[in-house]
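The following blocks contain the structures, represented as C-alpha cells.
The following pair of complexes shares a single chain, subunit A, combined with subunit B in the former and subunit C in the latter.
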Partner chain A sequence: MIALNRASRWYGQVIGVNDISCRIGPGLTALLGPNGAGKSTLMKMITGQLRPTTGHVLAFGERTFANARVLRRLGYCPEIETSYEDMTGRQFVSMLGVMAGVPTSALQKRTEEVLDTVRMSQWADRRIGGYSKGMRQRVKIAQAIIHDPELLVLDEPLNGLDPVGRREMTDLFVRLAGSGRCVIVSSHILYEVEQMTHSIILMDRGRLRAIGDVYQIRALIDAHPHRVAIQTERSRDLAKRLLDLSYVLSVRLSQDDPTQLEVETRMPDLFYDDLPRIVLRDGFLITGLDSPDNNLEAVFRYLVKG
Partner chain B sequence: MVERYLFRTALRDLLQPRRIAVAVLLIVGPSAVALIVRLALRARFDGVSTYGALASLLVFGFVLPILAVVFGTGVISQEMEQRTIVYLLTRPVARWRILLAKFAAAWLVICATTALATVLLAVVTHQPGKGSGQFRLYPAALMKPNDLCERLQVPQDPVSEYLRSRLTERTRQRLDMWDPSTPLRPRLIQGVVNDLNAVIEGDVHLYSADRFAGVRLPEDARQLLAEKPRGESRARLNRWLIEAAFPDLIPRSRTTMAQAPRDLLILPVGALAYGAICLLLATLFSRALIVGLFLAFGWESWVPMLPGNFKLVSVMTYIRALAPHARPETASVDVMSVFTALNPESVPALLSWFVLAAVSLGALVLAAGVFSFREYSPKDDAM
Partner chain C sequence: MTAPQAGAETQVTDAAAVAPIADLSYRHYDGPLKDRKLRWWIVALVGVRWAMKRWWFWLLFLLSSASYGFWALMLFVESRLGPEFRQMMFQSAKDERFATVLFRSYDGSLFWLMVMALVVGAPSIAADNRTNALQVYLSKPLTKADYLLGKWAGVFTVVFAATLLPSLFLYAYCMLSFWSEGFFRNEPWLILRVLGVAAMSAAGFASLFVGVSAWCRSTMMSAAIGAGLYLASGIMAFILWMALHIRELEAGHPAAGALLQNASISGVLKSMAWNIYGVTIRFPMRGPNMPDGLTLHPPNVWVMGAAYSGIVILGLMAARFRVRAVEVVSG
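Our next item is the complex of A and B:
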C-alpha cells in the first residue's frame, strides 16, 4: 500500500527524515522511535501534507502530496491536541466526514456509528473546548475512521488516554487491521506497541534503524546491559544478595548517597521477577526504584552504537 | 455539498459570541460618533457632511480594511495557529475549493458588518426635510431668494456672471428692473428658477477650472467631474456645482438616505478586493495579519496622498472613486487636506471598476494557486 523510495525530508538545515526506503502493507505496523526521530514527518509525507525533498513517497501507487485520490482512501489522526474548540464532538466528526466524502444520506448514521465505536456518543454534543485529553483523542480517532478508509495513519493515538481507553483503542486498531486495512500507529512507548503488533519500524534521528518483528528488537534490547537504580536503607545487604544472582553483571554503591545502589543486568525481565521475592524474603524496605535504561531513547542509543 | 458545509461551518465559526461583540462595536462605532456630533452641534448639525465624513473615515477607512485584514487573513492564519489546518489538508477536497468556500463566508460577514454600520450611520445622520434628493430647484426651497437674485443682478464672481449669461432675455430684463429693497415678484423668482433648472439639466459648459477657481468643490463633485457625466449624472453634477458656488443660497440636494445605497453597493466590492488581497497575503506569509495591517493602515493610508501617480497603486483610491463622499466645509487646513490638494485629479469610474475587478480576481486566483501547491505544516510539530 505504501512505498518509500530513498525518501528524505529537510527543514532548511535540519533533516527530518533521512533516506528511508521501505514498504508497508496491510495489517498493523507500529512506527517506533523517540521524540524527534522523524515519525511525524514520515506520517506527514504519507498523508500528503509534506513533499519529500528527495526520493518518493507513494500510496496506492500514487504520489501523496495533496492527492485527492489517495486522501479519499486514507484516514489520519494527527498528534495535535488543539481542535475546533467551539464545535461539538458530533459537529467535528460530521464536518470532517462530509469532507472525506461520506454521502449526506449516510452521514448521520455513520457519525453515530463511529462515535459509538470510540465510546463518545454520550459526550458528543458537548463543546470540544471542554473535553479532556482522552476525549479529544477519541473524537480524533472517530474522524479518521468515519469514511472507512483502507489506510489509517495514527500519530501517537494513545496519548492522553487512560488505561481502559488505551485498551479499547488498541483493540479497535487491531480489529481494523485484522479486516485487511493498513494501519500505521506511531508511538515512543515500546510497551504500548507490544500490545498491538509484532510488526514495527524503528526510527531514530530521521533514519530507519530496524524494520521487522518486535521480538527481534526485544532480543537486541535484552542483550543490552540494563541498569536499575534502587534506594534502600540497607543498600550493602541488598547489594550482597543481588550479586548472588548469576545474570547480575555488577552492583555499584553510590558515593554521594549511601542508600542508593545501581545494578547492571543483561536479563532485566528475570531481574524484575526476582527482585520482589528477595525484598519480601529478607525484609528490605525499598524507598525508590528507577531504571534509567527503561526507555526507548536508551534502547536506540544502544542499537545505534551497536 | 462540501463547499456548502465548509461555508456554513466557517460562518458559524465567524459568528461566535466574542466575534459578534467586536462586530457590534464596529457597527455601532461610526453612528455613535455621529450621534455625539449631532447632540453637540444641535441646530448647526449637517447630516450630509457628517455622514460623508464618517462613512469615508470610519466605514470605508477603518471598518472595511480592519475586517478585511482580520477575516481575510484569518481564513488560513487561524487554522494555522490552532493547527487545525491538518484536518482540512488531509481530506480529498481540492485545496482551492476549501479556501474559496471559507473566504466566501468571511466576505459575507465583512459585507454584513459594513452594511449594518452604513445603514445605522445613515439613520443617525438623517435630517428630514433637509436635502431634496432632486436636482431641480423649486422657488419655495430657496434659502435666500432675494440674495440669489441680487447676485445674479450684479454678478460679483465668475460663476454668477456665467449663470446670468445663461438666463433668458425676459428673466434678465425682469431681474434688471427689480429693486432689491422691494419684495420679489413670484414671476421673477419662477423665471430665475426655471432658467437655472435649464442650466442644471442640460448645460455642459458650466464648469471650467478658471470659473470655479475660487470655489471649494466637494470630493464627490470632483469625482463626478472627472467622469465627464451625461444625462442625469450631468444634472447631478451641475446642481452640486451651483450648490458649491452658492452654499448659503441654494439648498442641498444630497441626502444621507440617497448616499447610503451607493455605499452599500460599493462596500461589498471593496470587501472583495481587500479580502482577496489579505487572503493572498495569508497564503504567502506566516504573519499575514501584521503584513495586512501594514498594508491597510500604512500603505493604503499614505500612498494615495503622495504627489504624482502614487495613488494609482492604492486599492482605496479606486474604492473612494466609486463612492466619493462630501466632506464638511471647514476653515481650518489639516494635514490630510494639504496632501489631498496635491492630488486634485480623480480616477474615472470605469477604470476603478476595472482595477477592482482585476485585483479581486487576480488575488483570488493567485491565492488559490499558492494554497494548492504550498506546504502548510504547523512548525512546532514539524518533526
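Our next item is the complex of A and C:
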C-alpha cells in the first residue's frame, strides 16, 4: 500500500528523515521512536504534506505529495491540539467530510455514524473550545475516518485520552486494520502499542532502525543476550541445572527475592524447549516465568538506546 | 440474557429493545465520494459563517452602512427643500449626481469597512498557523491554492457584501425616488460602478489582511500589524502632504499634491472608488483664496491603479509564500 524508496527529507541543514526504504501493507503498523526521530516527518511525507528531498514516497502506486487522488483514499489525524474553537464537533467533522468528498446528501448520516463510532454523539453540538483534550482527539479521529479511507495515518492518536478512551480507540484501530485497511499509528507509549500490534517501524535520528514483527526483530538482536526470569522455591538447584546447558551464558539469583532467578541465553528457542524437560525431570515447581526481553520495550531499548 | 423482572425500574428505549447491547461497531461508508470543483468555496464558507455569527459583525455592518443612510436622508431633504439646498449640498454635474452621493457614502464607510475586514481577515490564516490546522486541511483533497483562495474569498465575500448591500439600498432609493428626473438616462452605468467599487474594495482589503495574517501566528499580532499598516500609511501620507504642500495650501490650492495625499492604503482605495465612480467633487463654500469654491478631481487613475495592484499582488504573494503545511526548521 505504501512504498518508500530511499526517501530523505532535509530542513535546510537539519535532516528529518534519512534514506528510508520500506513497504507498509494492510494491517496495523506502529511507528515508534524517541522525540526527534523523524516520525512526524515520515507521516507528513506519507500524507503528501511534505515532498521528499530525495527518493520517492508512494501510496497506492502514486506519489503522495499534494496528490488529490491519494488524499481521497487517505485519512489523517495530526498531532495538533486545538483548532476551530468556535465550531461544534459536528460542524468540524461535517466540514472536513465535505472536503473529503462525502456528498451533501449522505453527509449528515455519515457524520452521525463517525461521531457515534468515536463516542462523541452526546457532545457533538458543543463548541470545540469547551472540549477536553480527549474529546478533541476523538473528533480529530472522526474527521479522519469520515470518508472511510483505505489508508489511515494517526499521529499520537491516544494522547489526552483517558484509559477507557484509549481502550476504545485502540479497539477501533484494530477493527479498522482487521478489515483490510492500512493503519499507521505513531506513539511513544510502548505498552499501548504492544496491545495494538506486533508490527512496528522503529526510527531513531531520522533513520529506520527496524521494521517488522517485534518478536522477530528481538530474535535477530544477537548482540544482546535474551533474559528469562523464573520464579521457583528451589531457585539455587534450578540455577545449577541450567548452568549445565552450554548456551546459557549466566544465571543470576535475586538478592531481594530468593525464589527469583534470571537466566541469560543466546539461544532462547532452544532454552524454551529444554526448560520444561528439566522442570519435569527434577520436579521443580515453577511459580513464575517471564521474559523481560521479549517485548517492545526491550527492542526499543536495544535499538534506540543501545 | 434474562428479561427484566416485573416492577423493575428499567427504562428501555426502542433501540435498546431491539438490541440490549448498543451496536458500537465501525460502520463503513459505501457511498460515492464527490470530486468537488469549487473546493475553495468550502473554506470560504467557514470564514463567512464564522463572521456572520458574531454580533460585532452586524454592529460594524450597521456602522459602515450609516453613511449610506445619511446620504439617503440628505437626498430626501433635498427633494423636499428644493434646488437651493441642492446648490448648497450637491454641486455636481447632472450626470454625476447619484454617483457623487454613492462615492461620498463609500468614503464615509471606508473606516468601518477596514475594521470589519480586519477582524475577519486578521485571524483567517493566523489562527490556523497558531494551531497548525493547515495539516488538517491539506490532508483532504485540497491544494494550497484552494486553501488560499478560500481564505481570501471568505474575507472578500464579507467585505463585498458589506459594501454592496447598503450601496444597493441607496441605489434603489435613488432609482425609485428620482426615476422621473432622468436617473437611468443620466447615469445608465451606475449599477456597474457600484459593483466595481464593492469588488475593488473587497479585493483590496482581503488581499492586504490575508497577506498579513499568513505571516502571523497570533490573531492579535495580525490585527495589530494590519491596523498599523493601514493607519500609519494614512498618517504618514497626511504629514508628508502637509509638509510638502503647505505653501500651495496657504495660497489657496487645496488640491495640490493629490497623489501624495492619497499615498496610503485608505487613500488608494478611496482614489480607486473615486475613479470608478468618475465624479468631480465640488464644494460650494468660498474663501478669500477660493473665490470660486473648491473643485476636486480624482487622482491619476494609472498611478492609483498601479498602487492598488501593488497592494493586491503583494498581499497575495505574501500569503502564497508563507503558507505551508508544516513548520520548517531552518538550518
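Going forward, the second predicted complex is superposed on the first by the 216 of 306 C-alpha atoms of A that agree within 3 Å, B and C clash if a C-alpha of one lies under 4 Å from a C-alpha of the other, contacts with A are read in each partner's own complex, and residues count from 1 in each chain.
The definition used in the following text is that a residue touches a chain if its C-beta (ideal position, glycine included) is under 8 Å from a C-beta of that chain, and two chains touch if they have at least 3 such contacts.
Computed from a predicted model, the values in this text were never measured in an experiment.
Peer 1: Check subunit A with both subunit B and subunit C modelled on it and let me know: fit or clash.
Peer 2: clash
Peer 1: For A:148, is the partner it touches subunit B (first), subunit C (second), both, or none of the two (neither)?
Peer 2: second
Peer 1: Could you tell me if A:208 is touching subunit B, subunit C, both of them or neither one (first, second, both, neither)?
Peer 2: In the superposition, A:208 contacts neither subunit B nor subunit C.
Peer 1: Considering only the touch criterion stated at the top, classify A:38 as touching first (subunit B), second (subunit C), both, or neither.
Peer 2: first
Peer 1: Looking at the overlay, what does A:176 touch: subunit B (first), subunit C (second), both, or neither?
Peer 2: second
Peer 1: Let me test your reading of the model: by the given contact rule, A:101 touches which partner, first (subunit B), second (subunit C), both or neither?
Peer 2: In the superposition, A:101 touches subunit B and subunit C alike.
Peer 1: Who does A:51 touch here: subunit B (first), subunit C (second), both, or neither?
Peer 2: In the superposition, A:51 contacts subunit B only.
Peer 1: Spot which of subunit B and subunit C makes contact with more residues of subunit A, would you?
Peer 2: Of subunit B and subunit C, C contacts more residues of subunit A.
Peer 1: When the complexes are fitted on the C-alpha atoms of A, one of 39-47, 147-155, 201-209 or 219-227 in subunit B overlaps subunit C. Which is it?
Peer 2: The segment of subunit B occupying space taken by subunit C is 219-227.
Peer 1: In the superposed arrangement, what residues of subunit A touch both subunit B and subunit C?
Peer 2: Common to the two interfaces on subunit A: residues 11, 16, 44, 47-50, 66, 68-69, 71-72, 74, 76, 78, 80, 82-84, 86-87, 95-96, 98-101, 143.
Peer 1: Considering only the defined contacts, which subunit A positions touch subunit C in the complex?
Peer 2: That would be residues 11-14, 16, 44, 47-50, 66, 68-69, 71-72, 74-76, 78, 80-84, 86-87, 95-96, 98-103, 106, 110, 113, 116-117, 119, 140, 143-148, 172, 175-176, 179 of subunit A.
Peer 1: Given the complex with subunit A, which residues does subunit C contribute to the contact?
Peer 2: Checking each residue of subunit C against subunit A gives 24-36, 39, 42, 46, 50, 53, 128, 131-133, 135-144, 325-326, 328-331.
Peer 1: For the complex, give me every residue of subunit B touching subunit A.
Peer 2: Touching subunit A: residues 1-2, 5-6, 9, 13, 16, 82-84, 86-95, 372-373, 375-378, 381-383 of subunit B.
Peer 1: In their shared complex, at which residues does subunit A touch subunit B?
Peer 2: 11, 16, 36-38, 40-41, 44, 47-51, 66, 68-69, 71-72, 74, 76, 78-80, 82-87, 91, 95-96, 98-101, 104, 143
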